[in-house]
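Same chain, two partners: chain A is paired with chain B first, then with chain C.
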Partner chain A sequence: MSTETVTGETQLAQRRPRPARTVRAGRVLDGLIRSVVPVVLALGAGAILLLALGRHPLAFYGDIWTNGVENSAWQDSAIRMAPFLLIAAGLTVIFRANIWNLGYNGQFLLGAALVSGYGPGLVNDIPLWAAMVVLFLLAGAVGALWTLIPAVLKARYGTNEIITTLMMSFIGIDLASILIKGPFHDSTTPLPQTAVLTKMLPNIPGTRIHVGLLVAFAAVLVVHYVLTRTSWGLRLQIMGANPRAARHFGIDLPRLIVVAFLVSGFMVGLAAAADILGLQGYIRTGWNPAYGDTIIPFVFLARLNALAVVPFIAFFSVVSTGGDIAAADANLSTNFLLVLVGLILIFMTVIEYLGRRRELGASYLTPGLRQALRAPLVRRRST
Partner chain B sequence: MILASQVWTQVFWTSVLAGGLLAGVPLMFTALGEAISERAGVLNIGLEGMMLVGAYAGFLGAYYGHSMWFGYLAGMGAGMLASCFMVVLCVWLGLDQIVVGIAITLAGEGITSVLYQSRFSTTQPRLGGVHTAPIPLLDRIPVLGRTINGEYPLFSQPLLVYLGLAFAVLLAWVFHSTNIGLNLRAAGERPEALDAAGVSVVATRSYAALATGALAGLGGAYLAIAGTGGFQDFLTQGQGYMAIVIAMLARGRPIAVVVFSLMFGIALSLSGLLQIAGINLSPEVVHMLPFAAIIVALMLFARRAYLPPALALPYVRGAR
Partner chain C sequence: MWEIETSTVNARNDTGAPIVELVGITKSFPGVLANDDVDLTLRRGEVHCLLGENGAGKSTLIGILSGLTRPDAGTIRIEGVETAISSPRRALELGIGTVHQHSTLIPALSVLENLMLGDGRGVRLDRAAARRRLAELAAQLGVEIDPDTRAADLSLGHQQQVEIVKALWRGSRVLILDEPTSMLTPQGVAELAKVLARLKAQGQAVIFITHKLHEALSLGDEISILRQGRLVGTIVREALRSKSQEELRAEIVRIMFGEEAREVADLAELQEELDNVEGTARVVAAGADTVLELRGVSSPAEGSELGVEDVSLGLREGEILGVAGVDGNGQRALAEVIAGQRRVSAGDIVLYGGAVTRMNVAARQKLGLRYVTDDRLGEGIVGSLPVGLNLFLKRVGERPYWRNGRIQRAVVEGRAAELVREFDVRTPFVTTRAATLSGGNIQKVLLARELSFHPKVVVFHKPTYGLDVRTTATVRDLIRKLADDGGAALVISTDLDELLEICDRIAVLSRGRLVGVVPNGPGAAEHVGELMVGGRAGLEAA
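Up next, the complex of A and B:
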């Protein structure tokens, strides 16, 4: 921790004579290299894997491009971006605080279950815009509520949030399933699913893209503003970098932890609302898209910057939209995309290691991020 | 069909125990592996991926080798191969253990699904039954050993189950009273002291991580071979994460790991049994019980759990 700050300072001292613009340009370039190279390497390794499986890599990647971007396929990709961006925004907040909220799947599915349970009735009972606002807030509130136990345990006893959020996630997935089979079950069908929404989110004029994408962009902007331009964002970052320093600063750590958790869960809930109200229209038991699993790498690649995550999410939306079709065309399991994402993560850490060795700018992970795991189940003594 | 009144009979409870053992043994192997690496200071979030890789390799080995032992060996080998990523990236290079762990899980989920679908998507072959080894005398107990099927499976388990239980006892002894165990614990508690004593921290942790991979792979292989008798996408269903929790709750003590694993196994198998017994409790309710129990336990005993201080921290010689 201390050594890294020192090297950072000496680096600044060495660079001081150079004009500010080149320093900033250099830093942006470093960031770009560190963000893009892992993706390129992963695509390369994926190509080798495709060759080993007897598929033509260039044809596969070309197929992804064709079905993810060309003609009007980019609109399908853009539709997928909405929940992805909202989850990314939520994860950015909590990861900045140096806390691991890995319970996004449970938060997402509970939000989705409530929206698709109450949605079909609500959109007919009250004006559509009001119903949409209520449903978005409902999903957000449920997502936030589902982080409350891990948040309080973490804030009061320092209990490892990885365990608690994962446990709550499993419970949430089961609970969503119970809700779909029970109170929210569509009585007109024997299938375990909810009634299909009769009115969905309106589209952006001239496109097939629903306005949930605008909500997502707005959320990303707000998160970015709050994290970079407000004292709350600064406090969050201080806590993430060094909880002890934050305490000396007079920051109310327990409260900050709980609020960060709630914001994160709220965003994940919004993602569920956007996905159900804009795209899915209903939910069935066993449906668990696990969006968050594949979004984590891109949150890191963007270095926990809410704005920088947008191009990565756009890239991944294209890969996932086109990849689903390309995989079907190539007679491969669509889970091949998971391999690509795993490879990106591995190459990211390797590039990060090489970068750290050469002292290129800032790191993906705040130094204290590991701290969260040092004494996970134990009540912290001095912090 | 068995009536609901039979739920509270010994037959039912024996079935619960037998089912718990069947579902709990993969958890036990995996959690024992996690206990080893946690004690040595390596947090392995990638267990889920290692289990899946082991399950697929185990399925392949048993299918083509026509022997479950081939399967178990293949599973261990594949798990060790997957843990090599962990060893090189986290132990040797000191990269972030959580990120690499998530990567291993994602890649493991993806690659097993891709390979299985590309080879077996149309046939979806099943494996044959597993040979069991009855314990002499105990398997003849008329009341206690009987299950709903009318067989005596509680005291007639696959040989690997006995080996696993023996291994847990052995591991407890190794941790407690051998130099190897002392080194392992030192690598997690105070790596610099181990280094000063002239033992390589990196090597100790590497062996621990490899052992974890082997055990997770074995757990996955057992799940595929004895548990489900075949492979499918995402076969493990979060059991790798459960194993992490078990190891943490058991504070790395092997005997406690066995007990917790069996409890989880019982909860996992209970829903099916209750349905057989005529009680129509939603499987989701039963499935969420162990997780809810953990949350409650954490709320009650949050201060009493313990983990090695150097867990998830890469060791850099001379660094403060």
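Up next, the complex of A and C:
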């Protein structure tokens, strides 16, 4: 039992209510602590690992900074951000609803395959801007379509979406391979790959950054607005926080589940389009960047806030851009960067646990997700 | 701290020796001091009543005694020897048996099998010995228990008897009964009183937990009153014998609400009014229109709770209609089909002559059909959202609070502030998260949501469950006001006293069916009790 069970007139602990503004400021501060501390701790632990491997941690981190930010390296980092941000936006939507869409890799690759397959022809047949719009929408539509089966199963029968989205993801990845070897194969090469795009997304004037990044920022803003200001966002939040309450309030849950899935898949599809049309230019079989896997920790670090995810994505883009080179310089595998991401996840879990005990602001998770994850861990308490 | 008489000095003369002594028990949970330096002495052959509001710390204390929880500080002495009760198993070994509020029997097993579950000694099950033990205990308690009946087929009263047998199975000396009357019919309570008398005669020490004053007064040999985790007073055997019921009542109320001496007189009246079983009958105009009608409504069961089957009832303008019944007999299904949260499989729901059977929650809400749920935390509020927003969660997307899908924060917060004032919700700000409110205030949030914007027909599900005396009175006043203003209320409650106090008629729900409607008045309690039991027996025979 917590404070709500205190009956009578005098509260057990006489707490004078703090002014609303202080409460709000306090919450923002708590949020910052929750978000930044795991990253700092992970970098610290990574430093210890580097020392153990006989590398100089400061030199390594400095190398990341040099190659990820300085001179015009920040532009390379920014280019990487586009697909990351779009995937993050899509995951934010669905996680807010307390639903796990873990099929992002399949959704991403199918979108990427279709864009690479139809793109080379389309950019030459119709005006470039029209071709780009069509390709973005096509990738989005395919991503959305690929969530439809798990969505309907979840909405109608309550089927566990973690399993269905993962299964659909495997199917999607292999289907993308089949498409690349079959109908989308570039006949001029024996390699299993599509034709290379002759025209790509234009750059933002004065930079090497393609306009896909602008699309991504726009998507993040729209998602943030919808989630925080609109009735649809509120319904989604209620469903995520307390599905039984949502039913009590008369929210059409099945429909909301399906729409949330479609939006999420659509965003992941857009990410694929931005990556292919802005950076990759073609796709070959076996290529699976699995962006989503590395993005998930940052979505939760941002506590499912679409705007707060931006600095984290920026941070990660710098680490991965500069890190690729720094790792090579230090004669380390680039997988060391994944170790850093893994460390962030571990420290998030630690902070989540400590935060619960020390009232350290709100959780990374929606109440429903938290309940589901903690239920088996938390000892039952009788009061 | 109020003390009428201290319990330490004069108790040993004519009663048994202390079996269990709790000294300075303290237990805190994050944010709550559940038990604060509590002393308690249990004696052989005595029923010790533990009285207190929900959240006063009764359950924690019982948890400590039954080995579920370990205290942060304090000592437990059993027959004078300091002992640690480290686990439920240890508690049983020490002779402390517990009957929990909700049944712990396994429905699919027979009575005998349920009782033998606790044995666990040896590989082979000794049925013959178990049968003998059951017969012995049943004889001691003066009850008849068929060893081969499935637990699922027992009435709640019988289930409780089996639970008591189970608690005594391994020779307990201390029996803990956690709110044993909350699920019983009036007849069941009378049966329980007889069993208690027998237990006392055999020298058992019994802890009887309740939040009903009259039960404590009629069944207890000693009454301890907990408030906010502290033992705020004890009324010893002598006082219970020598003083009149009215004096005792007034004293207990004073102890329970000690800190506001000013309002004590008021509260004593309140408590008396709440305990007054023969309620004042209200007058409903003879020719009043039927505002809500259920015609042969059925809805299937969900999970372990029963659905409703072929329920027909009419609610007239200005009427308060009660629905009595033992918990789990279809109350939730009834409330939810009316609210629109649950589909009906057959039948029609008619509001003011128009069918609303196919309408969703929002549409019914707009027509003035409202539902105050009993599951306040589970579905009544979204704890992580502000109080103000919680007041509008049944009108998400509606003008003027949302325009073109965009929330109008100023409008929502302004109107929320008005509602908070009107319904006296004690919250620091409308932007405070709802989960931080107390239970009573959360109920006020629900009431403010359902009773604003022209309510007409309102379903109240256990509207005062777990609330303190004052909030209970407020809620009942609101229900009466709704009916007086030309609305109508359907009050579903497992607390028969409550229904007798506020309702004009009382319908009885048993096994998902409506088995009868009784006009409120003298003798209604017995009649309702019979229907609760009879309906069950009738169905079993069929």
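General observations
Criterion: the second predicted complex is superposed on the first by the 349 of 383 C-alpha atoms of A that agree within 3 Å, B and C clash if a C-alpha of one lies under 4 Å from a C-alpha of the other, contacts with A are read in each partner's own complex, and residues count from 1 in each chain.
Simple rule for what comes next: contacts are C-beta pairs under 8 Å (C-beta built on N, C-alpha and C of every residue); 3 or more make two chains touch, one makes a residue touch a chain.
As the structure is a prediction and not an experimental result, all values here were calculated from the model.
By the document's definition of touching, of the two partners only chain C reaches A:Trp232; chain B does not.
Which of chain B and chain C touches more residues of chain A: that partner is B.
In the superposition on chain A, A:Arg244 makes contact with chain C only, not with chain B. Judged by the touch definition given at the top, the superposed model places A:Ser177 against chain B, while chain C stays out of reach.
Using the contact criterion defined above for the overlaid structures, shared-chain residue A:Asn160 touches chain B, although it does not reach chain C. Once the two complexes are laid over each other on the shared chain, residue contacts for A:Ala141 go to neither chain B nor chain C. After overlaying the two complexes on the shared chain, residue contacts for A:Val36 are found with neither chain B nor chain C. Across the two superposed structures, the residue set of chain A contacted by chain B and also by chain C is 3.
The part of chain C that touches chain A in the complex is made up of residues 29-34, 53-56, 59-60, 63, 68-69, 227-229, 257, 259-260, 339-341, 360-362, 365, 371, 373, 375, 377-385, 389, 393-394, 396-397, 402, 405-407, 428-429, 431-432, 435-440, 442, 467-468. Those residues of chain A whose C-beta lies close enough to touch chain B in the complex are 3, 53, 100, 149, 153, 156-157, 159-160, 162-164, 166-168, 170-171, 174-175, 177-178, 181-182, 293-294, 296-297, 300, 331-333, 335-343, 345-346, 348-350, 352-353, 365, 369-370, 373-379.
Remark: chain A residues 1-13, 17, 20, 23, 229-232, 234-235, 237-238, 241-242, 244-245, 247-252, 357, 362, 367, 381-383 touch chain C in the complex. Chain B contributes residues 43, 45, 49, 85, 89, 93-100, 102-111, 113-114, 116-118, 121, 233, 238, 241, 244-245, 248, 282, 284-285, 287-288, 291-292, 294-295, 298-299, 302-303, 305-307, 309-313, 319 to its touches with chain A in the complex.
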